[in-house]
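The letters A, B, C and D name the chains in turn, as written, and every chain counts its residues from 1.
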Amino acid sequence: MEHNYVISLCCPDRIGVVASVSGFIAEHGGWIVESSQHSDPAGYFFMRTEIRASSLPFGTEEFRDRFSRIAEDFQMVWKICDTAVRRKVVILVSKYDHCLSDLLYRWRNQDFSFDIPCVISNHEDLRSMVEWHGIPYHHVPVTKDNKAAAFAEIERLFNDAGGDVMVLARFMQIIPPDLCERLPGRIINIHHSFLPSFVGAKPYHQAFARGVKLIGATCHYVTADLDAGPIIEQDVIRVDHSHDPSTMVRLGRDVEKNVLSRGLRYHVEERILLQGSRTVILS
Amino acid sequence: MEHNYVISLCCPDRIGVVASVSGFIAEHGGWIVESSQHSDPAGYFFMRTEIRASSLPFGTEEFRDRFSRIAEDFQMVWKICDTAVRRKVVILVSKYDHCLSDLLYRWRNQDFSFDIPCVISNHEDLRSMVEWHGIPYHHVPVTKDNKAAAFAEIERLFNDAGGDVMVLARFMQIIPPDLCERLPGRIINIHHSFLPSFVGAKPYHQAFARGVKLIGATCHYVTADLDAGPIIEQDVIRVDHSHDPSTMVRLGRDVEKNVLSRGLRYHVEERILLQGSRTVILS
Amino acid sequence: MEHNYVISLCCPDRIGVVASVSGFIAEHGGWIVESSQHSDPAGYFFMRTEIRASSLPFGTEEFRDRFSRIAEDFQMVWKICDTAVRRKVVILVSKYDHCLSDLLYRWRNQDFSFDIPCVISNHEDLRSMVEWHGIPYHHVPVTKDNKAAAFAEIERLFNDAGGDVMVLARFMQIIPPDLCERLPGRIINIHHSFLPSFVGAKPYHQAFARGVKLIGATCHYVTADLDAGPIIEQDVIRVDHSHDPSTMVRLGRDVEKNVLSRGLRYHVEERILLQGSRTVILS
Amino acid sequence: MEHNYVISLCCPDRIGVVASVSGFIAEHGGWIVESSQHSDPAGYFFMRTEIRASSLPFGTEEFRDRFSRIAEDFQMVWKICDTAVRRKVVILVSKYDHCLSDLLYRWRNQDFSFDIPCVISNHEDLRSMVEWHGIPYHHVPVTKDNKAAAFAEIERLFNDAGGDVMVLARFMQIIPPDLCERLPGRIINIHHSFLPSFVGAKPYHQAFARGVKLIGATCHYVTADLDAGPIIEQDVIRVDHSHDPSTMVRLGRDVEKNVLSRGLRYHVEERILLQGSRTVILS
């Protein structure tokens, strides 16, 4: 089956970056399938290039070696990934199943390419649905008293599963700051508001109280700072005076799952580059 | 020319409100053109009914007299308006012309029905455009030192023009609290963010800094509380990492003018009923 | 549990319709939860009213008897439904599971209220998913040679299940004209294009060939006239030159399932009234 | 003032295109401001690169000379444009002013960069508005009997004005096939439907009759084949049963003007490349 290499990089902007990267690729016969770039006014350059693997005479290891000189010259932060190696997405859920359900559907239908080595939950409710898909389900109860131990267990399960990214699919628990710091840019959350409005608990109730005419959802990287990490994707849906908070919860589910799945797709396809607290999405 | 009467009302919800209102209308041969209602979970009932004027044997005065008994019975806050009497919209602008330009276009094209008795500005820049439309333009400079006098002059011009509603079409000045209080539900502002995010100055710069993926605009009634009045209408537009604040300003103009004109239409068509700090839009 | 009666009606427009209906309701103490109406320029009047069942001293039977005089006077086509009696939705699928999957999710989550007495398919592929939900799955192979017998079997299963509405959730088979005629306004299809563009087979390929910038989906009632029945709901999604037909298929799935579920919700909540080949959606 | 060179090209896809182009640019010190590309599955490659003019030691003439060898090697169809040289947009209108009004607003506000050397109309109605902007207005009556002469005159005026592109801003006249052929990819029309639905006259009436739930507009290049030229941009707006054709006309105006202005911006910024009857928009 055809697979590609994805090179994504960021460096200070300078004449010749594209020429060097594309020159290197062409020199080795690399066939570019897709490429996009961004020159930031602040002086940074971002690039993502997808190359047909079969067109290159070597694999990612040797690519890494050979490309390193260019990378150093331009002070690049960069990586190369093989689309044949699927990202391992560990999903954390609580009792709500809409985001989990949607991710399982997209995984089943290969809507985009990723693996789910396991699902972790602080409740038993969604076990049957997950196991029907042939995916292991780990129950880790989280209480006021066992928070540290529970999250240690979650981290252990994540590592044992070889998790690349942890997705909080409406997990309803705050991730301890030290875990956030050990997995920078590797924990993705879906928040059920259009951030920065309505951080914290019960955002639909906050939205109702303020009388907004659109409600939204935000997919973002988790940092130690609650609901303040870099935003990956957002969307909104129209509401009106006839919608009470419980109707907003129902309508919002569709936005939440769409926003989360789009954000996760950007992540596993290596389309997201970080620039401070902002994201560059090369699609 | 055909015109209609618009009855809009709010009262504690009770059995028989619709029956009484529609019974009264039918009894006098009233032909209902359009009607909508809302029962709030909090126990309030809202209704807007549009009746063909020619179907009734009397005008708004006599309607008011005859209907008053029902209105009292149900403790209604209500009014009746004649669509033949166009709302007088006094527009306040500064130097940006996108919202003004759009409102002038919609007035010219009778996109919806309203009059513009005059435009007031703290700058001379837009005089020619306004006067080309045959509309008076008043220049009232506002400085740090003359704020009170300037707003007194603005209020006088508004009253002399018989203004029904004052529209801040990117006016860039804060309305004094006492003026807000003298014109409750009669001053409409367009704020260039998706409130409650990014209140105050330079919202597009705030949006850029936070890295949001959608920017928006909010049309709201002005109260003494800055950018916190009841929201009438909102909308958003997608942005990405390639959009700097100045591009957001450009893209945002389209959202601002659309949101303002929709909000103003709801107002002049008597579609907006207030419920505390929230709006009920009966469309 | 609280349930409501839904009265939906259509009649020639005349003074007094609302007064009569709401007068009747008020007279018997009926508490109106929600009501909407539409006066068509062509002279027809449409109304849908939802009344709290517990507020009336009688049930739907007696309502029918007592209301019949008013209904006759105004030449109404009307019905009353009890929200406690869930509509029975029989789903027909082929091999694609996105629409089915979405409907099962919404059924599980009570996104809106309906029952699925059974799923019928011309393939075995989706049996396990359906049966996991505890819903019977009937396999009725359809071939060129057995079409009449197969559809007779499908109709029998539909009737045995007490089906109220048949949903073609990407069923990929053309319903025989006589079956369409026996179930007018009771078969709902999702077509994967923005009708009337791209009727018939492979609409995404047609859309790609024409180079459109938006692709869509249409939920409509099935008539003997292929893809030409009354449209219930439509939506679109943006595409560009980089999307080939297979990508459109993937992106289109999300639109299809959303459009179908919204259309089905309107149907089971008795919000759809037919006016010739057009639908009036009272929401 | 800072200006850029825009190189846009199309060629058979081959290893080394990007390397050659970007190598050439880097070799001469060219600073890339923005770049995007597209590899078509059919084997064609499309690229648009914007270079800061001041970073190159030569102008467009010498660029053309020096680049020609690479262009030949790769069999490129290509061009270079200077953003300092504004595209001359000749606007043709009839009596409706919404698209014209919007383009004049965007021109005044430099929403994007273009010139309007003149406006041509078969009616006198919009003269005053155009002349207020200081733009010449030519009245060329078109009747059944003078069609050939009238269009000869229009073509002469277009050529005398040095027109780069002719925009039919709701011109309401069919352009003669021979004129279409003399200006391939240089006549832009806005059609008031979501093509390919509702070609020809009165599309909103057609949309109403079919009962669609969204109406749209299409910006496309004009070819001898009516409403069938390559689509540049499209958008839609939601309608419902309460909207009669005249309301659709009013609502549709907003979509038409937005779609036309976006399409025209792509054109004057050299973002559109043609691939048969489809457009590649490199934005």
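Just so we're on the same page, a contact is a pair of C-beta atoms (placed from the backbone, for glycine too) under 8 Å apart; a residue touches a chain by one contact, two chains touch by 3 or more.
All values reported here derive from a predicted model rather than from experimental measurement.
Look at the contact of chain A with chain B and you find the same residues on each copy: over half of the numbers used there are shared.
Taking each chain's centre as the mean of its C-alpha atoms, the one that lies farthest from the centre of chain C is D. Across B-C and C-D, the chain pair carrying more C-beta contacts is C-D. The mean-CA centres of chain B and chain C are about 37 angstrom from one another, to the nearest whole unit. With centres defined as mean CA coordinates, chain D is found 41 Å away from chain C. In chain D, the residues that reach two or more other chains under the touch definition are 34, 242. Within the complex formed with chain C, the residues of chain A that make contact are 34, 97-98, 101, 105, 108-109, 111, 128-129, 132, 242, 250, 253-254, 258.
Chain contact summary for the complex, chain C toward chain D: residues 38, 40-41, 194-198, 210-214, 216, 230-236, 240-242, 244, 275, 277-281. Only residues 15-16, 18-20, 22-23, 25-27, 29-37, 39, 55 of chain C touch chain B when the two sit together in their complex.
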